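For clarity, chains are labelled A, B, C and D in written order, and residue numbers in each chain start from 1.
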Amino acid sequence: MIPAEATEAIRAAGRRMDLRGWVPATAGNISLRLADGRIAITRSGFHKGFIPEDGVMTVDLGGRAERSDLRPSAETGLHCGIYRRFTEAGAALHGHSVPATVLSRQSGDAIILDGYELLKAFPGLPTHDAAIHLPVLDNDQDIERLQSRVTQIWDAAPQSPPGYVIRGHGVYVWASDMPSALLRLEALEFMLACELEARRSK
Amino acid sequence: MIPAEATEAIRAAGRRMDLRGWVPATAGNISLRLADGRIAITRSGFHKGFIPEDGVMTVDLGGRAERSDLRPSAETGLHCGIYRRFTEAGAALHGHSVPATVLSRQSGDAIILDGYELLKAFPGLPTHDAAIHLPVLDNDQDIERLQSRVTQIWDAAPQSPPGYVIRGHGVYVWASDMPSALLRLEALEFMLACELEARRSK
Amino acid sequence: MIPAEATEAIRAAGRRMDLRGWVPATAGNISLRLADGRIAITRSGFHKGFIPEDGVMTVDLGGRAERSDLRPSAETGLHCGIYRRFTEAGAALHGHSVPATVLSRQSGDAIILDGYELLKAFPGLPTHDAAIHLPVLDNDQDIERLQSRVTQIWDAAPQSPPGYVIRGHGVYVWASDMPSALLRLEALEFMLACELEARRSK
Amino acid sequence: MIPAEATEAIRAAGRRMDLRGWVPATAGNISLRLADGRIAITRSGFHKGFIPEDGVMTVDLGGRAERSDLRPSAETGLHCGIYRRFTEAGAALHGHSVPATVLSRQSGDAIILDGYELLKAFPGLPTHDAAIHLPVLDNDQDIERLQSRVTQIWDAAPQSPPGYVIRGHGVYVWASDMPSALLRLEALEFMLACELEARRSK
């Protein structure tokens, strides 16, 4: 059983992300760590703006589905990688926006965000007078290999921000709970939209 | 008679497309293959975001209206061309977005989409590490002649993707059912929006 | 008295225009020719996305308010100029979009729209294979003088399209009734949005 | 106690600003001068598109919270600075849009807006044939110091417009009441969006 509040929090997050255009087609996925340690995550193949009541399933921290007849999102391994590493993480979001897609295709291994008031949305940065090095990873259909590269980045830079970008694919962010994760996603997408605008009008 | 669910599926698709800005004025059209083989398609002259209950009519595979007093969309011949060729096609959508219009006016006979995660939305492309050659055809008010050029493209490239673009006019996509066609349209429009952004900010 | 359907048609048009971002602040105005020949038009000073029930008033063809205690929109003279000239005009819309504002500030005395499928939305152009010369006039707070320049354009080019642009100010379109005027506005704004995109990405 | 209408006016303003994308994450804040002279202002840490019923608190003109257990928005000092200086100010809005953020990062100490019809939304400018010098200030987490720089600008240019921009952070506008402040914000954001477009397509 999945608590009804958990399912509804995930569905509401999907509706909000859809409103912003961040979950086109079946892109994007959403997860929540339940009180008992299981991970509730969106099932594969649905539009995240219209998640049905049975569109959420549970996996363990290793990404194994509790019910073997349900298929979790292809990127479940990345969500679990976040929850395994960061015990304080309670919710994780993968959005798929136009700015994140375009910018990541034009960037190297990081997107630098500096001077934005919204940087305050990220922990450890009390003021806007700071810079975030948002890691950008090449896309990979082998999720285990992709997660091991994410882990390498975390090992090399333990203070790296609670987010990363997969090239041509979108962003991952996490926070202690779903409202905080949504705030962080919105802050990050806002800054990416600004960066894309700035590249054009400079 | 048209089954109420078919009419409602078409009307709901129109509302969704309008929300995205893909059916300006009377542009765009929407069709569905009914169980008995007839094609339900939007009538001409209505805004597709506000299709009235009697705004859907039926034609046969040759595009002939079942009721001679109703006028089908001008592009009905293109929808029927899709249903005649692809027996698996159950729904077809013609959207008219700004990115599709602008990009197609700046392109040759194809728009190449590569490296996008959303390419997975198209059949036969299991990974993002692939490229779609989306055919671009010159606009033509002679729909029969336009359809014969579409057919030539299909004959020359049997593996061509389930979509094409008419220059300055918009995209056509199809899939087995309406939800799948909407997902495909959304994936395609997302990639076209990315392409347009990329051309500006590079 | 204003027929309730007329007021509601104007309010609904305003809500639609607001949804598209075409009536920022108190910009834009909306009018309808009543069966008795009077013109129902939005009052001055309201946001057109939230027109109150008493936000519509009547003027005669010369722009004189039926009730002297109500102030009609500053641009009432332009609406009346349309209704005086074109007896077939039943509704007129003035929208104030970002693309119309930016493009008109960068243009000479016309914006040329050609090759767009949506050109079919304009009368006398059966196909996309045509061009519209959309007149662009310098803005002027003296509405009588502005209308006399509009009249000069109409006299010089009797086949000019049912629309024009005031520089830095927005578009005017008209049609036989409100639904048709909205379709025409949407078609025009779509093409202007395409033009602006094209100038950036070329 | 805060009058229910005041709380609802602030919440409705937040919903409107969110619809336009002007209050991402916890950015933006909203205040209203109450009849008794207190300032009702959004509490810190909430998304302004979803202000809860208890998401509004009161401060005095010096920014001191009436209830010491509630934390006002970090920028409360800027709101109070407006109300102290301008006795006619009844509502103040801080929006955080992409155009304001990007433009202010690319500008010097002012953004010049000229030739826009919407300039009429600002007092003392009866026509579009005028120019506004919108002050741009460097961002500063020390709000007292930031407000003293704002005051210097007001002292140096007493006729400066009822608005300013903080670099990378967003705009402040005020007016006699909330509807008027929203109209002014919408007019300003519209012109900033036009400016950003113009820089790209010129």
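Definition applied: a contact is a pair of C-beta atoms (placed from the backbone, for glycine too) under 8 Å apart; a residue touches a chain by one contact, two chains touch by 3 or more.
As the structure is a prediction and not an experimental result, all values here were calculated from the model.
A.B. asks: Which number of steps is the smallest that gets you from chain B over to chain D via touching chains?
C.D. replies: Steps on the shortest route: 2.
A.B. asks: List every chain that touches both chain C and chain D.
C.D. replies: none
A.B. asks: Only C-alpha atoms count here: how many degrees separate chain A from chain D in terms of the superposing rotation, rounded to the nearest 5?
C.D. replies: It is a rotation of 90 degrees, to the nearest 5.
A.B. asks: Same or different: at the chain B/chain C interface, is the fraction of residue numbers used by both copies above or below half?
C.D. replies: different
A.B. asks: Averaged over CA atoms, how far is the centre of chain A from the centre of chain B? Could you give it in whole Å?
C.D. replies: Distance between chain centres: 31 Å.
A.B. asks: Using mean CA coordinates as chain centres, what's the gap between chain A and chain C in Å?
C.D. replies: Centres of chain A and chain C (C-alpha means) sit 44 Å apart.
A.B. asks: Can you list the chain A residues in contact with two or more other chains?
C.D. replies: In chain A, 200 touch at least two other chains.
A.B. asks: Determine which chains touch and list them pairwise.
C.D. replies: Taking the chains two at a time, the touching pairs are A-B, A-D, B-C, C-D.
A.B. asks: Per the contact definition, I'd like the list of chain C residues that touch chain B in the complex.
C.D. replies: Interface residues on the chain C side: 115-118, 121, 126-129, 179, 182-184, 186-187, 189-190, 193-194, 197-198, 200-202.
A.B. asks: Per the contact definition, I'd like the list of chain B residues that touch chain C in the complex.
C.D. replies: Within the complex, chain B contacts chain C at residues 24-27, 47, 96, 98-99, 101-102, 105-106, 139, 141, 166-170, 196, 199-200.
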